[in-house]
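Single-structure report; data block below.
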Amino acid sequence: MMRLQDILSPFYVWKRAFEKPFSIAVLSAPRPGSPTYRGFHQNDIDKCIGCGTCAEICQNVSIDMVPVKEAQDGDSGLRPRIDYGRCCWCALCVDICPTGSLTMSNAYTWVEEGLDRDVRETYCYTPGADPQPWDDEALGYRKPEGYELLHLERVPMPHLAPGERLNSFVEMVKGYSHELAVQEADRCIQCGICTATCPAHMNIPAYIKAIREDKIAEGLKILYETNPLPGVCGRICTRRCEDVCALSHRGEAISIRWLKRYLTDCASAEDYKALLESEIKPLDRKIAIIGAGPGGLSAAYYLAGMGYAVEIFEQNAAAGGMLRYGIPEYRLPYTKLDQDVAQIAALGVKFNYNACIGRDLSFDDLYNRFDAVFVSVGMFEPYRIGIPGDDNAKVISGLQLLSDVTNGVPVDLGRRVVVVGGGNVAMDAARTAKRLGCEVTVLYRRREVDMPADVEEIEEAREESVNFIFQAIPLEIKTADDGSLSFDWGKAEMVQQKPGERPQPILIEGSRENIAADTIIAAIGQGVNYLWMDGEASAKIELKKFRVQADRWGRTADTKIFIGGDMFNPTADAITAIADGHRSARAIDKMLNPPREN
Amino acid sequence: MQELLDNLKELYALNGITLRNPSLAWAEVTPERLVGLLTQLRDAHGFTHLVLMTCVDWLEDGRFQVTYLLHNYTTRQDLGLHVYVGRTASELPSIHTLWEQGRVYQQELHEMFGIYFPGSPGLGEPMILESWDGPPPMRRDFDTRVYSEETYSHRQRTHHEPEQHMKDRLYPED
Amino acid sequence: MSIVAKVFWAFISLGVVTIWGLTLNGIVHKIFARVQGRLGPPVWQPFIDIFKNNAKRTAISHGIMYYLGPVFRIAGGIGTYMFIPVLFGSPYFSNFSASGDVLLVMYFIFFGQLGMALGAGEGGHPYSAIGVSRGLSQMTAFEVPFALSVISLAIQYHTLNITDIVAAQQGSFLNWTLFTNPLAVIAAMIAMLGMNMYNPFSVVIAPQEIPIGPPTEYQSAFLGLLATNRGIFNGAKLVLFMNLFFGGATNIFEMVAKTFAIYMFSVFVGAAYPRFRTEDSIRFFLKVPTLIGIASVLLFSL
Amino acid sequence: MENLYPPIVDGKSVYDLDSQKYLKMWQGPQHPGVTGNMSLELDISGDQVVKCKAHVGYLHRGFEKLMERRRYINCFPIVCRICVPEPDTNEYLFAAAMEDLLGLDIPERAKWLRTLNLELSRLASFVMWLGGQSGAFGMGTVAQWCLAHRDYVLDLFEEWTGARIYHMYMTPGGVRGGLPEGWDAHAEKVLDGIYKLLDEIRHVMFNNAIFKQRAKGLGVITPDMFDRFGIVGPNVRGSGSTRDIRKDTPYLIYDQLDFEAVTEQGGDVYARAKVRWREVYQSIDLIRQILKNMPRKGPLHITLPNVLHLKVPAGETYVRAESTRGEYGYYMVSDGSEYPRKVTVRGPSYTHAMALLEHLAVGVNTADVAGLMVSLHTYPPEIER
Amino acid sequence: MSDIEQKDKPATQPEWVKDERTLTNSALPSEEQDWFCDARPRRVEKHWQVLENFMNWARAHSLWILAFGTGCGAIEMRPLVTARYDISRLGMQMRPTPRQASVFVIGGYVSLKTLKRIVRSYEQMQGPKFVVAVCSCAINGGMYWDSYNTIKRIDEYIPVDVYVTGCMPRPEAVLAGFNLLKKLIREGKAEGQNLYADKFDWYKANQKQVIKDWNMPDYNW
């Protein structure tokens, strides 16, 4: 049975004794982990924004977000602290990190003595903030090239073709379809960094979630909690939320504005009606609101929702303020604005149109008749260019043009139009002029990057073949022989005057160029009209540098008078005005503190 | 596969036949006809291999779905049989006589879901769990996280949600 | 030499052989390690282990017999050694060798194991019990060829005195039993494989089956004692084999070299083979080496 | 011999432990002879096992429960923990089941890399098993060699995936990265080493008289037991069957590779060892084929919908793959939510270590139980999960 | 006030404590209570310092590891004790019986069923005995933090000398843990055995809290 070969063959093992052993020669010096080893975490805390996505994806709940820095816009100040009593080194946190700040080193050795130490606190550290030996380790796991858990590119928004747009004032952005909206909403990681940046602190993650889950009515309700003009904001919001979106660090931000727009667009009349169904207990208090712009409308909505009797006094023939008279229809169709206004009116808000305080009515009268007055008259007084010849009749303001178009007043701009300014009003004016068939050139004092207008607006204006001249300082407007205007401007250079400040445009000595125009549109900003401050009641209000002084709740020196909107806040955009209105509404409620049941 | 199921459909009152792909199908059978069907499938149709036996708890519907997955080595096809049984006093016929490992599966299902298989050897003995006094743990109404947090001590967390934290820090009054 | 001096030198030689035995263990571990492709523990590791085991703070006893088990074992080891002359011709290293000491030595080899078996049995662990039964049956089996080969030697040299047997092998290496009675040597060497409990006869302490056999319950100083005995007993066995079959040693270096070489035989086999089952090993011992032993006995008695 | 066994009543052997004829002996959980943390309750008579009962549950973590309350992406890191020595099969099957329910097809290159990963881990697992089998019969030398060589394979894994044991490489939707520079050469070196090792094992283990004596005729699996006990993998291939899922129902790119199912006659421990030993050769060959034919460029991963709130369409599926122990399968039920309704893991050890081992161990010498158990190649963590 | 300190002083005398030196073994059937030792673990005082230093040196250089793979961490013990890392160079080896082992390596998560065996094995080990808890699961539950069947923190059940984090910790990391343990032993700081004796009631209360069917002696000699 036993073959001799089988007996002798095992002695083959002895061959091994004369070969090199398998053992690692030196035990005291451990081998470094491989270059892509998943070891202990590293975090670039300056790059990290504390969005908490790592904590969200960690299935072990091993990541806690702890405060390390001061919170600021786009940075929660929190940083991940990792509990190595939980971590399983799966590196999903590294893979999903939206900023790419979280990585892993190839260090793997961490031993602790356990007897005389409470283990509760060991094996917990905040990478980047608590120094560790492997902080500067260059090797270790990084998210591999071409492997991505997040969708960094946004779903493109369908637009009208530039050629098509120029023919009419039809809204140029088509809006997301259901599929596209869900796809875009799916990109959201629900970190909520944006909420703090939004002036109205809208609950952005929540309504994006509602879109993803196709719960339109619920989403609409979330919108109305903080913003009574969602249809408007879904179109023209300056969307500072998107600037701080966690995804914008390595890719493109979520199209929060378009998603909001999708939500209001596809909400049915029933959904809107459903919002009104909650019962409002009327209160015996009356509030007057001056100006039916976003600030006034917002305050009216929330005050009416609390049960106050609200009356709005508006100098124009329709509500909306700057939304209606300062924004062309191709960006914000009036029907949409009307819908939002109608929703507010449905709460029982009374609108008094063509009622200009200081002209048609006196402020004292309002002050005495109402329990509180909320003033948000906006900024409707355009600034002049301030150069010789700017009083020419063919030099009009951008606002003038836009409100004329809104009101259906026929305008004749001629063939060549020069727009001065780089803000959104300038862009709107330029593109409106373009739609009226003009050749448009925009002059701006600084560089393109300094333009306050939205990047998209500038790009779209370009698509619509608006010409741009940058670093151009207006010098003089002259009337040419043929009745057209001759506009002199000089080239500027950007000079850094003080370190840390943005560079100022300084005219290059002797530079003078000329451009011919039929109409010059000045769109270099607006100021507040103080017509309403006529009577005795407003005497208590303090003015400083032509601005009404109030605290962040809009409370002026007179306890009954509240202000908000463009005339008050420095950013002067719709969403801030809405936020002001909401805040002031709560402040008014707190001030009046009416008796409520239960 | 479809053909086979069509043939058996009448005899065993099969329901909910779904063909996931040409070699994998699911069908529903009543507990009474289960053993007969399994025997026929094993002996006459070549489904000789019991791949697994498991249970899905449909808490919302108030019933367990016990899945018997069979494999045919000649045609390389899988046939999964679903048997629905109520969540209380659940009882199913034992198949330990057909496949030896059926006993182990049944023992596990009994322990993890509380399904009773009359006649299956060793059913009452603890198999995986020892000194377990809670409900059968794989039932969906048993919350393992709550149990774990109540029973064992964990390190305290100090987590801040970014959104809430930013609210507290940046605009607490709003 | 006075009896006091004899005792004194016996203990000196006991110390020497203990140290050598333990060192040999260390060396063997090292060699095994090399075969296995590793570097292995330091040569002095067996000493540290003994220190460590004696440094244990707690030790539990399962009863008197349990307590006596290691004592019997080490008594067996020392007893074995005490009757073997270590160096031929040296007055200091001849221990208490007397006529008929081969039988005494064989008895002591058995005695230690038996005592151990009793002690381990009281440990109460089933592995101990199984280990004991395996150990005893295997021992009985390997005693047969070993006894046969000793009988063969007794016939060959007409003596049962180890010193005489060694003396008979002096002169030339060709006088060694290895060359004069190779069959008996083969039988005895195979029996030694069983005695040393290396593969393939390691079923007694087989860690994969009955970890680790009889000493399962032994710990602390008990284990230290057993480990010490392993040094003494190894030394004793090797010296015995050296004396019986390889011409003995006239100086300490020769002793070291020869015992090492003898030990290497079982290491050589042990590294290469898996282990026998108990009945296989019994069957093996009762077949091959026993037949060889019988052959050698027959050869010399005829 | 006949009356050695206690009488069987109702499928159970009935005997009296107090009769002094039998001894109860536990192997495990703290025992070097059982594969992992499980235990065998042996009733022995003399040296003969009359009854064996496998006790499991020492490693039970409730994976199926845990997965019910984890999002799909969060199941991905935990599934590999189900089987420690060969985690990649779990990773692959979980990803495959998910991709099947989602109706996704992964990039070609990812398929090749997954296959490479699976084969490499089969290789590591088999090499370790060879060590275990020799060790169970007391041949520590071979065990040491094998574990060292397995460690070289782990080095390859570490270089490639960033971890030694739990690679977490096959994410749902593809794989996590390509092969690093110079990996092929390193792999070739390791494969050469294992090739040499296999030859040494042939000399030392398969041509070893005592190994033959002990392994031959031990734990015979006959073809009629295959389906009765649900035996799969090398355990049936050791009994003359050619069942191999890689060949029968090819997944990934196994249909593009050139190999035959390894089969041996005999059905005993020796035949099974031989099958696994030959499968190591096969694995080496397959890895070389993959490295030769693999596309080196191309996408590795398709980006899934946002994994933080990925919903899988309602449905149920079963996917299987050939692990070192045989058929490994994942049964996944989705109710259309973000969490799997149920994921059942069908590990081959389940039937091998419980029903089959309890059957085969009866009548075996106590000394051979460890060898028998190892030869069935069971890993307890996948039994109780 | 951490809950450890609160738990240090149980409000009422636990039923397994008879008096200062003895235990009741009340969980056992009455006829079996006599079969087992009823002594409590006692604190063992150190020897004369020079001798103790030598002993500690010997203990540190002859660490025998209990071959009990309690969880997945066991898989990295194999390379460690075999040819590749070969810690036998440091005088370590695996011992298959707790009686002879001095180091208990808790390899990862501990299920309830295993915890019972761990307690039993640990108590059977002869002092001084050391525990190395490997893997994150032993520190704070690891990835099984919400599992109903695994304990989260092993230091509540037996005293732990050294922790090694990782999942898996590489053999080198485990080795670093052993080196730290050796250092602690040589400094005389690894007094887990005495800690267990001192806080026996606390440990036992924790053990009994999760091991519902306590059917073994209260202290397994």
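Order as written gives the chain letters A, B, C, D and E; numbering starts at 1 within each chain.
Criterion: contacts are C-beta pairs under 8 Å (C-beta built on N, C-alpha and C of every residue); 3 or more make two chains touch, one makes a residue touch a chain.
As the structure is a computational prediction, the values presented were derived from the model and not from experiment.
Visitor: Give the identifier of the chain nearest to the protein's overall CA centre, each chain being represented by its own CA mean.
Guide: D
Visitor: Compare the CA centroid of chain D with every other chain's and tell me the farthest one.
Guide: A
Visitor: Please name the chain that ends up farthest from chain C once chain centres are defined by their CA atoms averaged.
Guide: Here the answer is chain A, farthest from chain C.
Visitor: What is the distance in Å between the mean C-alpha positions of chain B and chain D?
Guide: For chain B versus chain D, the centre distance works out to 23 Å.
Visitor: How many angstrom lie between the centres of chain B and chain C, each centre taken as the mean Cα position?
Guide: Using C-alpha averages as centres, the distance is 60 Å.
Visitor: Between chain D and chain E, what is the separation of their C-alpha centroids in Å?
Guide: About 31 Å, centre to centre.
Visitor: Using Cα averages as centroids, what's the distance between chain A and chain D in whole Å?
Guide: Each chain's C-alpha centroid was found; their separation is 55 Å.
Visitor: Which chain E residues sit where two or more other chains touch them?
Guide: Expected reply: 67, 82-86, 89, 96, 113, 140-141, 143, 145-149, 153, 167, 170.
Visitor: Two-or-more-chain contact residues of chain B, please, as numbers and ranges.
Guide: 128-130, 137, 142, 144-145, 155
Visitor: Which residue numbers or ranges of chain A touch two or more of the other chains?
Guide: In chain A, 10, 12-13, 16, 21-23, 33, 59, 61, 83, 85, 88-89, 120 touch at least two other chains.
Visitor: Give the pairs of chains that touch; include all such pairs.
Guide: A-B, A-C, A-D, A-E, B-D, B-E, C-D, C-E, D-E
Visitor: List the residues on chain A that touch chain B in their complex, please.
Guide: 50-52, 55, 61, 64-67, 70-72, 76-78, 81, 83, 85, 120, 124, 191-193, 195-196, 201, 205, 583
Visitor: Using the touch definition from the top, list the residues of chain A that touch chain D in their complex.
Guide: Residues 1-3, 5-7, 9-10, 12-13, 15-16, 22, 33-38, 53, 56-57, 59, 88-92, 95-96, 141, 144-151, 186-190, 209, 212 of chain A touch chain D in their complex.
Visitor: What does chain D use to touch chain E in their complex?
Guide: Where chain D meets chain E, its residues are 29-32, 36-37, 57-62, 65-66, 69, 77-78, 81, 84-85, 128, 131, 143-145, 147-148, 150-151, 154, 163-166, 381.
Visitor: Under the definition above, what is the set of chain B residues touching chain E in their complex?
Guide: Of all residues in chain B, those touching chain E are 128-134, 137, 142, 144-145, 147-149, 151-155.
Visitor: What part of chain A is in contact with chain C in the complex they form?
Guide: It comes out as residues 10-14, 16-17, 19, 21-23.
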